[in-house]
Amino acid sequence: MGKARMEAFSDGVIAVIITIMVLEMKVPHGAELAALAPLLPVFLAYVLSFLYVGIYWNNHHHMLHACSKVSGPVLWANLHLLFWLSLIPFATGWMGENHFAALPTALYGAVLLMAAIAYWILQQRIIASQGADSLLRRAVGGDWKGKVSPVIYVIAILAAFKAEWLAQALYFAVALIWLVPDKRIENALKQKEG
Amino acid sequence: MGKARMEAFSDGVIAVIITIMVLEMKVPHGAELAALAPLLPVFLAYVLSFLYVGIYWNNHHHMLHACSKVSGPVLWANLHLLFWLSLIPFATGWMGENHFAALPTALYGAVLLMAAIAYWILQQRIIASQGADSLLRRAVGGDWKGKVSPVIYVIAILAAFKAEWLAQALYFAVALIWLVPDKRIENALKQKEG
Amino acid sequence: MGKARMEAFSDGVIAVIITIMVLEMKVPHGAELAALAPLLPVFLAYVLSFLYVGIYWNNHHHMLHACSKVSGPVLWANLHLLFWLSLIPFATGWMGENHFAALPTALYGAVLLMAAIAYWILQQRIIASQGADSLLRRAVGGDWKGKVSPVIYVIAILAAFKAEWLAQALYFAVALIWLVPDKRIENALKQKEG
Amino acid sequence: MGKARMEAFSDGVIAVIITIMVLEMKVPHGAELAALAPLLPVFLAYVLSFLYVGIYWNNHHHMLHACSKVSGPVLWANLHLLFWLSLIPFATGWMGENHFAALPTALYGAVLLMAAIAYWILQQRIIASQGADSLLRRAVGGDWKGKVSPVIYVIAILAAFKAEWLAQALYFAVALIWLVPDKRIENALKQKEG
């Protein structure tokens, strides 16, 4: 079964997620700078989440490059990932509106953690569907980013209750780790062609 | 007439439906756990509806695999299905906000029932457009899931006024029935190729 | 220049329009039937608009079948059509919330009128881009539906201030005229192939 | 790596942006003309932004025509552009609700300025990825529109604090400059084929 429609549906969902997040920035009534000021944390939370959703879209795009057909379990693992991503606008809004308070910051981390686990499950389902000579398995290799990220999220969730800024710094650090383009899948694809 | 654009439009509508449902979970103002607690039923209703919309997308995807061209009646039967699916966010929000009260629970079931009927009509229109040797008719076979689901919905709608939890359990049971991947269409496609 | 991306963008915009309209049906706070009752006109307005947006998508789909490449003016004529369609959710919400009062009913008709004019302009731009032997011109023929609809809209807008129900009946009548599948484009395509 | 999915995702995001902007036009409660009047500036701001987002979609569409594959930096430059475009609904809503007051007008210009810079960066990344014989570089040529627009935006931002109407006129003027279809890319493509 082709992957085109799963890609199209995922693109649609992620496109809506990344765009409706901006609706959490409610238009203020006043026209002066003071009216805009309370929106600053909401805006910063939006930037962080835009980065994360962008990274997920980018990696999803790359992962499906190393995959030619999709099975039933892959479709469901993909919907599971989209479910956790769909909670990012809510978690972002709650964290932004409460100026990065402890509990909303921890919940934000929990949603990121679940999305990371869902992404890993999707990756494993694709590898399993590809059999022993999986192109994606070779491409992913040791997958240190995929292993380190959940650990950092757990630390950040715990840290949120002691020092919110530390949790935020850790979320940002994980985003930076992933922002560096991932050459593994591209290299594996090139090797296969070569 | 090709089916690509009908697929693309359906994917777009379903992607928006599944994502705007999350907007019914209004960001609470407080940052403590007590502020989050009233959202629990809304969240549970969201999970159930995400599952249902995911199942519809998945089955829609499968059904169109056994279909190569679409006629005018098929386009309209598809829009009819999308209409009922588009009411799921409203029904979900009403049911969640009212903590699974009787009437909202019954209305939720009524929307599921109408969507199931619309799905069945779409299936019949495609089978009719394929003529005597319909691939989809062979794939669907006895279609016990399609026949049993509306019956359970009707029971659940009636049960909602006596015991809301029973209606919810029945909605969840139908979702589980459909979650099991449907091998019929894949098998029929394989047989055709073999 | 290919038409695929213009189709994809139009599908995306129309899919969002048809889905966010449902957000105008605000979830009521009570769980009893009395809480739902005020939503009935909003729901009826939603049904009418869903029908109209569905018809536009359907006809847009058909029209682009008789068209293989798109020029700059066609792209802009298409955006112009999407602009008027994008106002349908607002007009629907205003009309529904005010129980089909005179002015909202007239505004609704004005939006439909502008969308019909925009559709006609798009059709003319495509015909112009196809040159003397335009497939779409032959397909459209006398285009009595396209000529009659704006006239009925104008009558309905004027009627809205005397008898709102008459305006609604006229809007519904135009929808019915268009619901009947249009064989012209399919026939012209078949003739060309034959 | 193919450009198809980046196009599809961009189309999705831009389609949602252009459509949710209309949600800033809140349905008024009264049914008389006086209830509609306060929405006039919101509507005018919507028209301007619809024009801008339409122009961006159009130009994005054209630019990717002169581009056959996309690299990692191009994907990120594209997401960066989408980020600034995603702020247009907020800036539009704030400007419209405050009747084109000074600060919201300046912020609107700042978002347009950042989007223009992001568009230029994306263009440069594509040119860089195409190497010495870049088709897009030849197509873009002197790029006077791309150079003049940010300058006008800066003037408009400063003008907003002295005379809001001047800033609006400048925003509108830039839109008109871009509305004129850009023959450069089409010509370069034709030359290549010829």
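Each chain carries a letter (A, B, C and D) given by its place in the written order, and its residues are counted from 1.
One rule holds in what follows: a residue touches a chain if its C-beta (ideal position, glycine included) is under 8 Å from a C-beta of that chain, and two chains touch if they have at least 3 such contacts.
Small disclaimer: the values here were computed from a predicted structure and weren't measured.
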| item | value |
| --- | --- |
| Taking each chain's C-alpha mean as its centre, the one farthest from chain A | C |
| Rotation in the CA alignment of chain A with chain D, degrees, nearest 5 | 90 |
| Inter-chain centre distance, chain B versus chain C - centres from mean C-alpha coordinates, in Å | 26 |
| Distance between chain centroids, defined by C-alpha means - chain A, chain C (Å) | 37 |
| Residue list for chain B, restricted to those that touch at least two other chains | 8, 12, 15-16, 20, 23 |
| Residue ranges of chain A touching chain D (in the complex, touch as defined) | 7-8, 11-12, 14-16, 18-20, 22-23, 25, 27-33, 36, 47, 50, 54, 57-58, 61, 65, 179, 181, 186 |
| In the complex with chain B, residue positions of chain A that touch it | 1, 5-6, 8-9, 12-13, 15-17, 20, 23-24, 72-73, 75-76, 79, 82-83, 86-87, 89-90, 93-94, 97-98, 101-104, 107 |
